[in-house]
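Two complexes come next, and they have one chain in common, chain A, joined by chain B in the first and chain C in the second.
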Partner chain A sequence: MSAQGILITAFAGAGLSYALGLTSARLREVFAIVVSVLLVCLIAITHGQGAEHVYYPDFLGLDLVLRMDALAWFFAITVSMVGCLSVIFSLHYVRGKEKENFYYFALLLVNAAMLGIVLSGDLLSFFIFWEIMSWAAFLLISYKRGRALDAGLKYVIMSILGSCAMLLALLYLYANYNTLVISDLAQQIRSAAGGFPLWVMLAFALGFGIKCALIPLHTWLPDAHSEAPSPFSAVLSGILIKMGIYGFILVMYGVVGLKLLLEVGAPWLHFHTVLCWLGAITILIPTFIALLQDDAKRLLAWSSIGQIGYIMLAIGVATSLGLAGALFHTLNHAVFKALLFLAVGAVEYKTGGVRDLNRLGGLIRRMPVTFACALIGGLGLIGVPLTSGFVSKWLIYKTLITEGHPFLALAALVGTWGAILYVYKLLHNMFLGQLPEKYANLEAAPFSMQLPLMICGFIIVLFGILPGIPLSVIGGIVGTLGFEPVTATLTGFGPQIGPLNTLNLCAAFAGVLLVIVAFRGIAARPKPVSQDDSYAAGAAAPAGKYHHTVRFYDPLERMTGGYLRDWVDQFYLSAAGKAKGVFNGVRRIYTGDVRTYVMYIVALLTFLIFAHTAGWL
Partner chain B sequence: MTRIIQLVLSPLIALVVGVLLLGLSRKIIARIHRRYGPPIYQPVIDVIRMMSQRSISHGSLFDLGVVFALAGSLVTVMFIPLGGTQACQPFAHGVLCPLSSSGGLLVVMYLMLLGPLGLALGAGDSANPNASIGVSRKLLLALAYEVPFLLVILAVMSHYETISLTEIVARQQQAGWGALSVPLSAVAAFLILPAMLGVRPFDLVSAPQEIASGPMAEYGGRSLALIKLYGATHLFLVIALFVDLFLGGGVNLATFLLKMLIVFMAVEMINAVLPRVKIEDAIKFCWKWPAGLALLQMAITVLSKSG
Partner chain C sequence: MVSPILLIAVPLALAFLTPMVGLASKSARRYMPAIAMLFNFIVAMSLLPKALEAPIIVRTAGWAPPLSIHLVAGPLGLLLSSLVALIGLLVAIYGIDYIREGARARYDVLYTLLLVGATGVVLTGDLFNLFVFFEVLCISSYALVAYRGDSAGVEAGMKYLIQGAIGSSLVLIGIGLLYGTVGTLSMADIASSVGSVAGSRLFISLAFMIAGFGVEAAIFPLNAWLPDAHSSAPSSISAVLSGVAIKAGLYAIARVVYTVYGASSILPFLAVLGVVTLLVGEMCAFAQEDIKRLLAFSSIGQMGLILFALALSSATGISGAVFLIISHGLAKALLFLATGYMIYRTGSRDISSLAGMGKRMPIMSLCFTVGAFSLMGLPPFVGFASKFTIVRAVLGTGSTFFITLLAIGLIGTVIEGAYFLRIVQWLYFKPAPEAMPEQTEGRAPLTALVPVGLLAVLIVTIGLLPGIVGRALGPAADDLLDRAAYIQHVMGD
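Let's look at the complex of A and B:
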């Protein structure tokens, strides 16, 4: 199956699901799932193929090209997987809400457009699919109206700015090389000299940086992620922002190439070094902001920005291990962040829209499966050994330390220790502690919501114990982008890359666990007691009100809260406010009085005549 | 075969030595306070007593969290070199570090997370606010001491240009102790040792008089016995890591344990005389002095490497 077939299936699926929804809601749901699963299968069977063909010759004098290679396949399978899981999750989530047809159409369209982006073989198709994705995403972010509309507007304005920058880069490239086909550009740009590649990359970096929420271009993300419907938040955080990452990798290593990239910028300050440091800042600040959030989805949104920092940092280092770590972390983050957003979505669905971390608690008793999956996702996010997040973060740290960037490594490591705090806060405030009385009879989430969670959880553990499965694909991609291929064993790395064997770790852990459980078995079984039967220094514990959640990290909050406002967002908003004032002033010249307009015309004519006689024109 | 013996041996050593150190700690503090103190094997008696008592349970995570904490810390021990093995020659060769080829210092750092995390999850499930407050303090304290600790680790790794702990130890035995090559890091690491061990002046996590032992508020019986063993293993782990990073590990197990004993005594001296600090002050302290020293050492290391 070629790239063309995949895209036709994806786009036709989106259109047809809308048409089918007009006749029967049930039919549309089945169809949407069939299309998403079909896409995963279609992409899976194209593994290892490399093809490039023109699908629309001579469009405005340019050939539109589709291609399939290792990098495209890797992103395509991630996109289709997460897309499929979010469609399955949506079944119950949107059932009975308004505009269901529109929802499914837009969701499938976003997924199709993202497949289009990664399968594009020329930058014009890339741009077209990029715009389809941006606009379809806008429709979904503002699906709930109200505050969501503001969030969507913020998103779309920033997206447009990014698109303009990207278009500028496209024009610049076209004016110089007369082609936008990626493989041709990569051939021709090698001879480029001076500031040309820098300007092209800066313009692209603006477009991609806004999409993947690199600080200081991140301000749309916290609003958009928290206001969007939860299944779409999973898509948004899991894969849509990764399109920015894909763009960075494509332009930096696919088009400009490693050799030229290392020279771009001033001799004392290279482009990729700046990217590294931006990545480090993007890890640190959002991590500490995430600690202070009370809205579950907002907390996860800030965490997404932080994790993007890791990926950007690893891309910027420009080594084969670093890029492997970046790609692996991209996959991991897609899986565990989708899981966490869906888990929060399941809680939100069952409790009637509550995602305030101070109003939940104790849900482990009512939703044990959701909690277990969320726990795995959280551990993956921290990067605890035996989850996939550990291996990708290990690769990133290892690169930073051996390449001699201990300060960047420090930022990455501190970010992880911050992540522990916000992950615990999320899990504790929602699932642990006391169960409020009104949720005492809550039912578990329906199976269609639990299934995506379980699949994600399974992937996290599987790739954590056998990281060789994804790393064999990733090692190959790194090889095609001009680096030395990374060779990993099924269970980690040999002595030349660094000692790591996750299977031994798993076996040791399992063995010790068994011994402890056996030892514990000697003692009598403990007596189960209710949550109210707890120690309160002799007083009776008040039911349902005996839960420590509000300002969970109060001492730190008091110390850092003053510094951790989103300065960048405030700056943009004040800039927007000032601009509005200026435009309001300009508007006053339209008085609506004909005499004023006559005066403008006379004044202009006078100026022209004067200029002419003075010899200016 | 020797490998299997090593795999059993190193967690056992950690448990036995850790428990005895806990007993020794009470003895030392008692003597400084001019009391007689309990016998040194008192923690063993405690564990046996607790195992024989029937406890309560607030849920499966409440029970399992503790198991994970103990398992995590025992697995971590297997990644830490416990000195050469000349003393127990027929059973083991080379360095006593059964899983050294499966992971280096980065793995150790991450595995050390499993203990606090397991305990935090278990305690969170107990639905007691004292426990939650304790966990909140524990995580904040961890963030506080991890910043200097990470700086220390990074300086050491940059200095020896490796992430393998056995190699770091081997290099020290050839070219002198880490305490001499990266002295400021060693000082910083020593300053945060009480925080990492959770002893005074940083015993604000359990703080029995304020928050009813914090995370342990609801635990009793067999779970509390496991927590005790976890505490012992953790104590062993932290001090062993300090010895490996800065005091050149050990030529054999005996010298290794001797060095551990000396470091432990020094920490206990501080433990015995200082009062408890507030969590804010703990964070401020850790981010000021140890972090400053460690940062300085890292800058020096980086400059000397690039120069």
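Let's look at the complex of A and C:
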């Protein structure tokens, strides 16, 4: 199956699902799932293929090319997987809501456009699919109305700004090399020198940085991710922002190439070093902002920015381990962030739209499967051993330490500590503690919502125990991008990279478990008491009052809250406000008085003649 | 073989026949503009392939240029007259049911005359005829703007008339000055002899013509009439004014600057003027609450971009400009037409009255969205292809001056995105008000749905297959750029 077939399936699937939805809602749901699963299968079987072919000759004088290679395959399978899971999750989530037809169409269209992006073999197709993804995502973000409308506008304005920069960059390349085919560009750009690569990279970085929410270009993300419908938040956070990462990897290593990249920038400050430090900042600040959030989805949104920081940091280091870590973390983050957003979505769905962490609690008894999966996702996010997040973070730490970047490594570590805190807050406030009485009879989420959670949880554990499966693919990609290939065994790394063997970890884990079980056996049996007892120490207490989760990290909040306002967002908002003022001022040019207008005509004529006599024209 | 002169003669005759047809049958009369434009479209399209090879020169009364009045149906002229005929045809179909009150007979005549004027402007090879056709175009549009006869319409028409009349007189003075200098009115003849004339007198006549044609072309700061005129006129008139009429002014400037004068020194100034027009238009559109005024200001912005692209003086740049003329013509006509029935439905031109329109008028809303996306330059719509061509041309020039201007101009695109997408949100993501005055006569009849739908289909089709018009763009650009070939074709051997 060629890349072209995959794309035709994806786009036709989006269109047909709309058409089918006009006849029967059930048919559309079945069809949407079939298409999504089919896409995963189609992409899976193309593993290992490499091909490049022209699918649209002479579009505005340029040949549009599709290609399939290791990097494209890796991103394509991630996109189709997460896309498929979110479609399955959507079944119940949107049933009975309005504009279902539109919802499925737009969701499938975003997924199809993202597949288009990663399968593009030239930068024009890349840009076209990128734009389609951007506007389709805008429509989906606006879907829930109310505050979602502002979030959608904010997203799309920043997105258009980024697109303009990208367009300039890619046409700048075209003006110099007369081609936009990625493989040809990579050949020709080697001889580039001077400021040219830097300008191109900066313009691309603006476009990609906005999409992947690199600080200080991140401000659209918290609003958009929290206001979008939850299955789409999973797509947004899981894969859509990763298109920015894909863009960075493609341009930095696929087009410009490692050798030239290391020279881009001033001699004392290289482009990739700046990227590293931006990555570190992107880890630190959002992590602490996430800690202070009370909206479950906003918390996850800020956490997404923080995790993007890890990936950018690892890309910027420009080592083979770093890139491998970045790619692996991209995959991991897609899986566990999708899981967490879907888990929050399941809670939101059952509780009738509540995502305020201060109003939830104790749901573990009503939604045990959701909790178990969310726990795995949270552990993966922290990077606890035996989850996939551990291996990718291990790679990132390893390369930071061996390359001698102690401060960057510290930033990454602090980010992980913060992650522990906010994951705990999230899980505790939703699932642990006392169950509010109004949720006493809540039912578990339907199976179509639990299934995606379980699949994600399974992947996290599987890749945590057997990291060799994804690393065999990632190692190859790193090889094709001009680095030394990373070789991994099924359960870890050989001695040439560093000692990591998940089998040992498993053994240690099993040992600890045994000790605990044995200890429990020896120790006295615990006596169950009523929940109120443990809170009120036996005193008579009204039920439902002793679950304190408001102001969770209060001392920390008091310490850091003053510094952690989103200055960048405030700056943009005030700039937008000022711009509006200017626009209103400009409108006064048109006074409504025809005498002024006549004066304008005469003034222009006079100016032309004056400018000529003065010799300007 | 048919002669390009039919493109002017037949609709002109039909325009004057219209009142007489009206005497026989009132309902037949309203089909006359559509018939005239259908004829024009077929003829223009059938002539286009031949004109792509070499311009078709029509000599009247057996005199050879430069003495005769002649038409030069080159690639650019025929491409634009096809566009005029196409948009004219679709809007005429729309107008059959849309225009319900007022002096219907005059509407049909004036509408046809306006399009005859536009066709004449792009086809003529003679400077004085350019002026005459330009006047036919302008005078019909003054009258049509005031068609409704309400105070807003009359005021807008009056203001338009005053500014337009000043513009026309400037053009006439410019032509007079030029004639006094070179002694001929044939554009090709002037072009061949203009090189031997001293600079200053020539430049002053050029300045007069730019300022004069600039009024109709909506160049900043000469465009103050446009927002009032385009928003007060009935929507079908707004559609042709925005889609066709202002382009004729821009064509006249391009033809005069490139072919007649070969004045490359003024191009950077025009480029700056274009970017300023673009920014001012988009900024003013941003804060509008009146949907038709918003669309009118957006037209100003797009005209600025077209002027900027025309001033690039490269083949790709002019191709991009012509492409944008086509894509903007289609999209803006669509937007005005779709808006027309939405306004009938709600009785208000306020953007907020569009809330929930996606449910009440699904086809119109969908088409509106397609048009808006195309104007913003989002793929896979035709606007993307045209804007992409322009950006490519700018970077192709490699000049820092133009690239800086473009980067500033792209801010306009961002503003444009902001206000158009806000409207799309109003259409689809805002609940309709509970108690709504449901006006049944607001339902769009087939004569409205077909043209709007066709425009949307065209926007998508050309967006996916830009090769359809792409073949004609290169020759059209050469038509402007290659003065020597133009002179040689017209003057003969």
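Operating definition for what follows: the second predicted complex is superposed on the first by the 598 of 617 C-alpha atoms of A that agree within 3 Å, B and C clash if a C-alpha of one lies under 4 Å from a C-alpha of the other, contacts with A are read in each partner's own complex, and residues count from 1 in each chain.
What we mean here is this: a residue touches a chain if its C-beta (ideal position, glycine included) is under 8 Å from a C-beta of that chain, and two chains touch if they have at least 3 such contacts.
Just so we're clear, the structure is a prediction, and the values are computed from it rather than from any experiment.
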item: Chain B versus chain C as contact partner of A:L168, first or second or both or neither; value: second
item: Partner chain(s) touched by A:N504 [first = chain B, second = chain C, both, neither]; value: first
item: Which of chain B and chain C A:Q187 touches, first, second, both or neither; value: neither
item: Dominant toucher of chain A (residue count), chain B or chain C; value: B
item: Contacts of A:W394 with chain B and chain C, given as first, second, both or neither; value: first
item: First (chain B), second (chain C), both or neither touched by A:P495; value: first
item: Which superposed partner A:W135 touches (first chain B, second chain C, both, neither); value: second
item: First, second, both or neither for A:Q570, with chain B first and chain C second; value: neither
item: Contacts of A:V582 with chain B and chain C, given as first, second, both or neither; value: second
item: Overlap of chain C and chain B interfaces on chain A (superposed complexes); value: none
item: In the complex, chain C residues that touch chain A; value: 158-159, 162-163, 166-167, 170, 200, 203-204, 207-208, 210-211, 214-215, 221-222, 224-225, 227, 265-266, 269, 280, 283-284, 286-287, 373, 376, 378-380, 384-385, 388-389, 391-392, 395-396, 398, 403, 406-407, 410, 413-415, 417-418, 421-422, 424-425, 428-431, 466-467, 470
item: Contact footprint of chain A on chain B as seen in their complex; value: 7, 11, 51-59, 61, 63, 67-68, 70-72, 74-75, 78, 99-104, 106-107, 109-111, 113-114, 117, 120-121, 124-130, 132-133, 135-136, 139-140, 142-143, 146-147, 150-151, 154-155, 157-158, 161, 163-164, 212, 217-218, 221-223, 225-226, 278-280, 283-284, 298, 301-302, 305-306
item: Of all residues in chain A, those that touch chain C in their complex; value: 58-61, 99, 102, 127-128, 131-132, 135, 138-139, 142-143, 145, 148-149, 152-153, 156-157, 160-161, 164, 167-168, 171-172, 174-175, 580, 582-584, 586-587, 589-590, 594, 596-598, 600-601, 603-605, 608-609, 611-613, 617
item: Chain B contact footprint on chain A (complex, rising order); value: 362, 364-365, 375, 379, 382-385, 390, 394, 397-398, 401-402, 404, 406-407, 409-410, 413-414, 417-418, 420-421, 424, 427-428, 432-435, 492, 495, 498-501, 504-505, 508-509, 511-513, 516-517, 520, 522-529, 531, 533-537, 541, 546-549, 552-556, 558-559
